[in-house]
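Each chain gets a letter, A, B, C and D, in the order it is written, and its residues are counted from 1.
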Amino acid sequence: MREEMQIAILGATGYTGLEVVRLLHKHPEAEVTYVSSDSQAGAELADVYPHLRGVLAYTLEGADPAEIAKRADYALVALPSGVSTNLVPGLLEAGVRVIDLAGDHRLPDDVYAKWYKKQPPAPTVLERAVYGLPELYKSQITGASLIANPGCYPTATLLSLLPLVKNGLIDPHSLVIDAKSGVSGAGKALSAGTHFVEVNENFKAYKVGEHQHIPEIEQVLTDVNPSGEAVTISFTTHLVPMIRGILTTSYAKLTGSYSTEDLLAVYREFYRDAPFVRLHSAGNFPQTRDVTASNFCDIGLRVDPRTNRVTVIGCIDNLVKGAAGQAIQNLNLLAGLPETTGLLNVPVYL
Amino acid sequence: MREEMQIAILGATGYTGLEVVRLLHKHPEAEVTYVSSDSQAGAELADVYPHLRGVLAYTLEGADPAEIAKRADYALVALPSGVSTNLVPGLLEAGVRVIDLAGDHRLPDDVYAKWYKKQPPAPTVLERAVYGLPELYKSQITGASLIANPGCYPTATLLSLLPLVKNGLIDPHSLVIDAKSGVSGAGKALSAGTHFVEVNENFKAYKVGEHQHIPEIEQVLTDVNPSGEAVTISFTTHLVPMIRGILTTSYAKLTGSYSTEDLLAVYREFYRDAPFVRLHSAGNFPQTRDVTASNFCDIGLRVDPRTNRVTVIGCIDNLVKGAAGQAIQNLNLLAGLPETTGLLNVPVYL
Amino acid sequence: MREEMQIAILGATGYTGLEVVRLLHKHPEAEVTYVSSDSQAGAELADVYPHLRGVLAYTLEGADPAEIAKRADYALVALPSGVSTNLVPGLLEAGVRVIDLAGDHRLPDDVYAKWYKKQPPAPTVLERAVYGLPELYKSQITGASLIANPGCYPTATLLSLLPLVKNGLIDPHSLVIDAKSGVSGAGKALSAGTHFVEVNENFKAYKVGEHQHIPEIEQVLTDVNPSGEAVTISFTTHLVPMIRGILTTSYAKLTGSYSTEDLLAVYREFYRDAPFVRLHSAGNFPQTRDVTASNFCDIGLRVDPRTNRVTVIGCIDNLVKGAAGQAIQNLNLLAGLPETTGLLNVPVYL
Amino acid sequence: MREEMQIAILGATGYTGLEVVRLLHKHPEAEVTYVSSDSQAGAELADVYPHLRGVLAYTLEGADPAEIAKRADYALVALPSGVSTNLVPGLLEAGVRVIDLAGDHRLPDDVYAKWYKKQPPAPTVLERAVYGLPELYKSQITGASLIANPGCYPTATLLSLLPLVKNGLIDPHSLVIDAKSGVSGAGKALSAGTHFVEVNENFKAYKVGEHQHIPEIEQVLTDVNPSGEAVTISFTTHLVPMIRGILTTSYAKLTGSYSTEDLLAVYREFYRDAPFVRLHSAGNFPQTRDVTASNFCDIGLRVDPRTNRVTVIGCIDNLVKGAAGQAIQNLNLLAGLPETTGLLNVPVYL
């Protein structure tokens, strides 16, 4: 009989960590052997979150790399940006393969310092990191010891745009990306911006043109840009009065005369082996509810012959394909499992 | 190797049917072999509900009892009240064991006719029906051919009150039950009462004192009432601007001097073998989110020494423990499986 | 020409203070001459709350009783319980008539200390306070120097029950009151309990049987109880995922055989001169949206002949009739104006 | 003493008509003398909408132009597109000045027929229509007999972009407009798309690139385009799970090197005499709640030096500045009143 992978979840009481807990509970090949929370070490997770009673029983511990290495082969690090930097080197040194859900290992150190305004990881750590977007970098992921799990906005944006940029079908300099997210993306921290009375019956933009996910998106688009030229985007984030879900609406000038069907054919080919990307037929578009609590990314697009622009709409659940689900997809790849293992669930549409 | 049960889902495109589809997808012993929708026969379910693409592929058919009997051992009937009545006799006759999620087989014919204002089922059918509340009637359920799956409000209310009534700890004539439900309980039909603009940022009572679930609750409470006397309740339903969840707040006069701890001990004993009932310790109370998308019923209570009344708060997901999940719990019992098979999932708390 | 009243609003940046600002802006006889916020003294209110730009311009100041007395005849104190206690004596001494929207002056000092766990006001101050429920105590209010503006839950509950208790139509010992409120009632302070992700798609009870509004309700019901006996109630508060609105559902045993129409006739008589109480005809019930942003209290009721109980449903906007609007209604009475002055607005139903 | 204007509201039971009713109730110079609803003629408006009881009393009538002309000087027509076309000619002929809130009189007949797929009005009627955007066409509005009140999306979009286009500061061919609206914009009609369970916790695009407001926006932008060239835009509409509010995010290439401050100075000058347009300072952006239930349009913008694009964010309440409020603003202009008469209210921020 196959041996289960042994997994440490670090930062289990945050929204992302909690989603890792939920998803791994149904994973047939994973055994959770270490669950950390610095602030609640010693407590039972099911006492902190009563919805877990009767389903699972984890005692929270502090995050000790040596101890983690004794009990786990893989660590899913769901700590805030700036915190995982301190923990990851010790884990790697102890031989634990790491999937970091924070932003710390996704960018060159100077870019990270500029956009996150935090101390970047050491170069020796950073050079080991592979950007964990399986639909693009599957072969690099497989053998990696450190995965930089993509951000939520970059995941939806990149999956929406990769087939167009990589195939030279749009002018990347014309890219405008208008992104909308539910409130869980802001995490559990208290702020006026997450107070129910301030959020409900309200819609607003935030970090206009200044979101730290911008360089992450540009870096990957540049990487696939056939001209090699650096891609610079217009990118605006908005807050939707809902809990889960990201929808991005992307606009770009076509480089030639293509129909909606032409482009859809390119997408179908591009995502032929991508089980979590679902394409809509012409005239149909995704909505966030179609992917809630699942690892899918749904995409629809339309060519507007009036402007010769294409509009691409992509949806993910920010906590799943935008965080915990994608981390498990990467975990599966690291472990040599089919990438869908434990992840092919019916979305909670209602 | 164990053979899977073969299951027909009738009425798969309604909210309840859709939830049966979602839950059975992860059931390790069930194979869905027949999926009906009268209005959409011939269509692919994943075309009607795009969130299902890439996960499952069912072609919708009309509901033909003879054909169902050829392919399925069990039928889960998720049709509106008044419709299942027409289908169930044929299914039973053809040897299919039936779990009816509608209200048709829960009440004596005259009571049904009075509260539902519809034609009741034939007495020969009705006499085969067992009320499918596993926490109370498990032994009767096991051998039944027809299960009347309980209503959503009755499930939350009865699980909240059975230990008190059965043990004579409250005066049943003093019972006041104030019930609140999310909007999915109203189903998929369009009405002013489910228009987003009418529901959001609004709270209201409906069917005040006239809800058709009243006789269902009274019937079971009377059944367990040690005095044998008929129980009559005050019961008011309210609409909460949310999708899923029922919370009931029940009030009753105590028959003696009991503390909160005394009563909790009675509940713990009563639900010792009930894996889906979770009790809160004194001072803690449930919230609907703790059970979302799960089959749990969470209960908390408090004795008020000022009034010598007890307040009991119970929560379920109306679509799961209040409908589809409880139906599968009953299915498990019919099939001789552990009642938790396929149902012990982490609630979608976020 | 009539001279305008000069008004100080103390605590203008909280949710209640902000609602006083909104309502007074359309008051034809009130001039706002002093607007305080201790934490933001010196700032422009319209810089703190950009929705006010272009409509009004107030500079925030600290709360100095002597300075207030120079500029204002009346002070509306929208400070938290425990804070207004410190400010009110100085205001009264300086000759300012005070309407306190906090709970500090509603209860006897020992009861206040017990339920609020705060230092009560001095007896010499407390003895001047009149409970500002105009529908019951109009004549006492008119000449008062200090009004204790009622709490939100008590307003909805008392208006729902006064005609029944005062006329001896119910057994007050049988009273069960199930209350539900929108989130603005919790105020502006940040807490896990007001985080959007925790509140939305959720329904829960809180402070079960222990809400500090219980003694306030009991005190007034006792005051009108024809038998003179102290009234003790069962009272549970719940949080609804919406911003504004309170709905209370009250249950009581009738002392005789009365029909719904009989009781409605009593209510109509009782509220003959109460322009803000609107009664529904038999078979109809209020919803919170019908009173949003208005000073109305809507009431519907039903006698259940099965139980000989009456169910009364009352709705208010917690920020208006439950706080700022009622304060202005009291202000009008203090000033000898018609109580509807500036308050007869169309509710913001949509 | 000044004589009040006499006003007919046609289509008072729809969401827009209801908002006209709410706003005119506080208008100091308007008397509502005729209130129509074809479907509910004969009923009391306050029986159809109980929130109106105790505030106003209108008996609904059918819409008879001759009778309207006897009683009213002005008609505000809040009927669906395609219906007002039938009523307006009779009203004009009878000497009533008309403000049409539907889309019927905003476009040339061929454009209307193409985008609305309905019969356009007669040319003799159409030629009398003035597009009622006061911030741009005030002088034409003043003397008009027929005002085509702008659509909700065009109002927010045009006010966001007029200063840029008119002054040649952006390349109009580069315009991308990403628009988001609350659900009240879809009106009162029942559809799966407005069912609470389908809308809540969901975000989606709709009518991608095909919204009927596109030609309305393009027509005005073309009108102000200094080059005279026809402007064609990319425009996508999205549905936000909230009741009121529109936010548009617009992107365009700058024609030169301008800073955020440069552009804000242009806006301040452009809207110097526009009391309902409020500009945010650099680094600040509007949110829909800041304008709820008010006639304001709030605008913020940012130049992105990385892309040399400007991002402009505009917010309105779709039912007020996007419909009923703007209609009253136009009414004021027709009547020679200050355009703010009855409209300078504090937004219902909470």
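The rule is simple: a contact is a pair of C-beta atoms (placed from the backbone, for glycine too) under 8 Å apart; a residue touches a chain by one contact, two chains touch by 3 or more.
Being a predicted model, the structure only gives us computed values, none of them experimental.
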item: Centroid comparison with chain B (C-alpha atoms), farthest chain; value: D
item: Between A-C and A-B, the pair joined by more C-beta contacts; value: A-B
item: Approximate Å spacing (C-alpha centroids) for the pair chain A, chain C; value: 47
item: Between chain A and chain B, centroid-to-centroid distance (C-alpha), Å; value: 37
item: For chain B, residues that touch 2 or more chains besides their own; value: 15, 184, 197, 200-201, 241-244, 286, 289, 292, 350
item: Contact set on chain A toward chain D in their complex; value: 174, 176, 178, 180, 182, 197-198, 200-206, 208-209, 232-234, 236, 238, 240-245, 247, 249, 251, 285-289, 292, 300, 302, 304, 306-307, 309, 311, 313, 350
item: Residue ranges of chain C touching chain A (in the complex, touch as defined); value: 15, 183-184, 188, 190-192, 194-197, 199-201, 241-243
item: Chain B-touching residues of chain A, taken from the complex the two chains share; value: 15, 18-19, 21-22, 25-26, 49-56, 184, 200-201, 243-244, 275-276, 278, 280, 284, 286, 289-294, 296, 298, 319, 344-350
